[in-house]
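When the chains are written out, they are named A, B, C and D in that same order, and each has its own residue count from 1.
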Amino acid sequence: MQELLTQLITGFGLPAWLSFFLWAVVLYGMVAVVGQVAVVFMVLMERKVLAWLTQRKGPNRVGPWGTLQTVADGVKLLFKESIVGPGQDWFLFTMGPVIFFAPSFVLYALIPFTDRLVGITMPLGLLFVFALSSLSVVGIVLSGWASNNKYSLLGGMRSASQAISYEIPLVLSALGVAVAAGSLDLKTIVEAQNQGPFGLFSWYWLSILPVSFVIFHIASIAEVNRIPFDLPEAESELVSGYNTEYSGMKFAMFFLAEYASLFAMSALVVVLFFGGYYSPVGGLMLERFAGVHDNTLLGLEMVTWTVLKTYFFIFFAMIIRGTLPRLKPDQLMAFSWKFLIPLSLLNVFLVAALKMAWMTDGMLLTAGPFTFNLTYWITYGLTGLMTFIVLVGFGQLFGHKQPPLPGLSAAGP
Amino acid sequence: MSMATEQPTQSLPQGVYLEKDIDAGELTVNIGPQHPSTHGVLRLITTIDGEVVRDIEPVIGYLHRSKEKMAESRSLFQYQPTIDRVEYLSAFFDHYVFVTSLEQIAGLKVPKRMQYVRMITMELNRIASHLLWFGTFLLDLGATSPMFYAFRDREKIFSLFEQLTGARMMYNYYRFGGANADMPEGWLEGALDFCDDFEQRIDEYEAIVTKNPIFLDRTVGVGVVDAETLIAHGVTGPTLRGSGVALDQRKDNPYCCYDEVTFDVPVGQNGDCYDRYLVRMAEMRESLKIIRQAVRQIPGGDTADLMRRRAEGDEAANDIELQIAGQKINLLTYKAPPGEVMTTVESPRGFLGCYLITDGTPKAYRCKWRGASFSNLTVLPLLMKGRLFPDLMAIFGSIDVILPEVDR
Amino acid sequence: MVFNDLKDNKVTSGMVEIGRGLKTVSQHMLRPPVTLEYPEVMPDLSKRFHGRLTLLTKSDGSDLCIGCKACARVCPCVDLIQIEMHRDSAKKPVIDRFTIDMGRCIYCGNCTEVCPVDCIKMLNDFELADYSRQALVLDKAGLSLSGEESDRYRQTHGLEAQV
Amino acid sequence: MSDEPKENDKPKPSDGAEKPAKKAEAAAPPPPELGVCGKLLEGAGLKPVALPADAAGTETVQVDGGQLKQACERLRDDAQFDLLLSVSGVDNKTTLTAVYHLYSTKTKAKLVVKANGDKLPSVVSVWPGADWHEREAYDLFGIQFDGHPNLKRILMPDDWVGHPLRKDYTVDDPRLVWNER
């Protein structure tokens, strides 16, 4: 498609570099549309899931089964007055949501939905993802500052410290993936997970990087500011944190971007640890069981798997939101610096050692798909043992000991 | 404290805020009167240094409805419905205190059956009140689902109350010397059904919350306070029992028929938010115990049974002890004899008292409310000094302040 | 040394407890919702429900109220119930005016309790919202039930018939 | 709805005295004697006046305003009254009274201490919990508590005029016009 655009541009006698910009615009437009649709669905899903978790019905008035609720909300937010109060810096106040909004949606361009349906394929994709996702904190800090509100300021400050703390375990745990797959390209990482014999069980989440997966998932929840890490917008103490002063479309941008980055981060978990677009039985089901080799059909299956897996993690994040209380800032920092970061450093070291031991052809465990091999069992055993020792050992070493829980004593009958 | 209030409040022109140098020192944050977690209209003038709270000054009075002045301009019976609003989460306790004060002054005798009904309703109300506390406390800590579960079960209690009194929150049920009507048929079975159901629900709450590591992080060792300080500040109720003092009016000066049922007074050991949580959860279980025993022991049994016995001509079934309305007084013309008394009751938040002075007119000469939350709130600045800002919500939530009772 | 106290290990016990919480919360997804969709499904209210005030009439539709003003005297909201009456030539009470300001009523039920003729009662009707405060001030026509409705009310609530 | 009110025997005929309760009872024949706590105070060199016990039979003593703080200290230290339930102001039309309801968490005893006057010593140093109660009594009755660390209005707005619970308080504040119907 990019070639087509280039031909079109040059055919009109325009310079070829223009096609690059136009392509970027087209691409971002597509990403934004896909992203918006996903977000609209996710907002409805979140409200429905949270309602089910608490034995309620959730939105059920607007449209059949409440499906148009988020559309109605969006229209409402679109038409609401966007207030900029006195004492607020208009420029920064407006730029905050924009800076927060843009990177979350650009992330969509990097996710490989199939082996062909990728917005941008770049060898350093993983790095670029982290570069983008950490940009959004600038928007939060800006809007927290520009709001001229103490709650917002506190929220922005908390967000900055949280982002700094959780970027590190996030990147370090993804580093394990990069080491195992031997590449930073997201597509190569997905392909590398299609090498083992058992599909689901040979994806990185269990086969060689369980610790990485846990750290990455925790850190990704922290990265998108969801409960239990939603300190920047802690509703009970900071009212709404950095977006207290926002209304109308500016608030909607925060709202949309939060869900967009949740989708992107969940998709990243899928890509890095859950075999991306491959089915849980290894390879693609249509190809293996029906013998289909049509690229369109296979592509559809790939998209289905990616989206299904992604929504599973979104769903999981929603259940977590329904269950867990919120951490305190100091506990959040302590958890990251005292627990996650040492753990992920150790994990990187162990993965590297494992790779040194069983490295073949630049990829770990490239014995070809669907073959049984003693190497796998040894690897599994080792990783299992490693996970156990690492978790338990860290619990003993770094988990600050809590005092013995007090029982209640009853005074007399 | 004075520092927080005496800061100059000059009005700055637009835009000046951002150009001014930000003082790297302390910051005064005005929490409330409208804030998601002040549970009403409490205002907290908080001085913070980063995330550390240096000073905190509660400002109350935003919900002042002059309940005490109202007592002096209305007859006792006219005043009675409005006292449900003193502490609306446990309105039966308000009513009980007021009604008992007058009963003591006038020497009215309350039938046994009525005392049991009062006990059952008050314990159900205690559960309802603790449930609301549980929900909002967890909501303050950031967990959303427990609040909905708590409200779901609270609704069941309210349905029972609605069958009994006709209202879900403002009951106006007790009367001087009795109540305005007997229980509807099958009400006691409904209460028992609720007990059986709620036992499982409370297990679920504990599975979600009690040992959750994040919850432990937020509450264990937070807001620790010793019993002497609490008593000196007049703090009572579960907040005090969390610090290890088994001070419970139901045990010490048994009113109603609390001396005829067996129950424990759970007390904590460390006096932190977690212990206060444990105490309240255990209290709900104890309340269930009391309700079960009371339903078993209530004289006359269920209303249907009593009606049948009366229809069959059983004279004993018409015994005054089995009447629920008790000693009826003409509510229109009743003049209470002169006298004064302070009655206290173990409300879900501590000692709820009503100091009633009558002077022989239909009105009360003076009616003073001693709200448990009023005294409990005074320790908040003490507990918050030097703690982190988010601890404010945990500590404030754990002492269970209800603002209408503070302001009256 | 690390294996013998796994229960006290913060990481493992924490993961187990979080898992237990997630499981308990997830179980609720399978339970039916407890929400009532209110305008379609009306709540099941008891007979004693404190709803809109009403005046019962005799079976033939004539006034039951005797104008004793007891309800007005026990009402905690001062001047909420306003009654004007006179006696006709046969010394029978005639109610000229009977208004209740439902906007100020606190639904305590004091008035229903003191009424000597069981005239003022409370219905299960709680949908009283209106666009103006004046519309909430109900007069005698707005308050009174018809003769049949009053009979039905007395039947369901176990009151004596009034002829 | 079987319990329609009927005219029953009234518990006690009241002579409809408009006088405050305390005075009406104080005039009744056998003059009350000092109870345990009253004797304790007397032993400490103070001059408590016994008042009739309240309807629940709780001992009531009246203490001179100047001796209030010493009396409270004695009661806290010697009689173990460690919990101050409330400080209630009462307007007797002629004087203001502060009523202190005490409770002992150890002996479970109750005591009522009364002190007359519109200028009383503060007992915040005896029971820190008296802080807000005294502020309330000051706010609603205008009783001045000497030595209170922060005696200002608590329930009413800071710029309120008058003390609302006094019997002679009249509502002629123009700000209350909205309340008149």
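Note that in this section a contact is a pair of C-beta atoms (placed from the backbone, for glycine too) under 8 Å apart; a residue touches a chain by one contact, two chains touch by 3 or more.
Note that the structure is predicted; figures quoted are calculated from it, not measured.
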| item | value |
| --- | --- |
| Most central chain, judged by mean C-alpha position against the global CA mean | B |
| Pair joined by more contacting C-beta pairs (A-B or A-C) | A-B |
| CA centroid of subunit A to CA centroid of subunit B, Å | 44 |
| Distance from subunit C to subunit A - Cα centre to Cα centre, in angstrom | 51 |
| Cα-centroid distance, subunit B relative to subunit D, in whole angstrom | 24 |
| Approximate Å spacing (C-alpha centroids) for the pair subunit A, subunit D | 64 |
| Multi-partner residues of subunit D (at least 2 other chains) | 1, 5 |
| Per-residue multi-chain contacts in subunit A, two or more chains | 53-56, 322-324, 402 |
| Residues of subunit B touching at least two other chains | 145, 149, 152, 180-181, 208, 211-212, 214, 331-332 |
| Contact set on subunit A toward subunit B in their complex | 50, 53-56, 86-87, 89, 148, 150-151, 154, 227-228, 230-231, 234-237, 239, 321-331, 402-403, 405-413 |
| Residues of subunit D touching subunit B in the complex | 1-3, 5-8, 10-12, 14-22, 24-25, 54-56, 58, 82-86, 88, 90-91, 99, 101, 103, 105, 108, 110, 112, 127-133, 140, 150, 153-157, 164-165 |
| Subunit C to subunit B touching residues, read off their complex | 10, 13-14, 17-18, 20-21, 24-25, 28, 34, 45-50, 70, 73-76, 78, 106-110, 113-114, 122 |
| Footprint of subunit D on subunit B - complex, ascending | 1, 60-61, 64, 66, 68-69, 72, 101, 104-108, 178, 180-182, 231-236, 245, 247, 252-253, 324-325, 327-344, 351, 353, 355, 357-361, 365-366, 368, 370, 374-375, 377-378, 407-408 |
| Of all residues in subunit B, those that touch subunit A in their complex | 12, 14-18, 27, 29, 35-37, 51, 138-145, 148-149, 152, 208, 211-212, 214-218, 220-221, 246, 251, 262-270, 274-275, 278-279, 282, 388-393 |
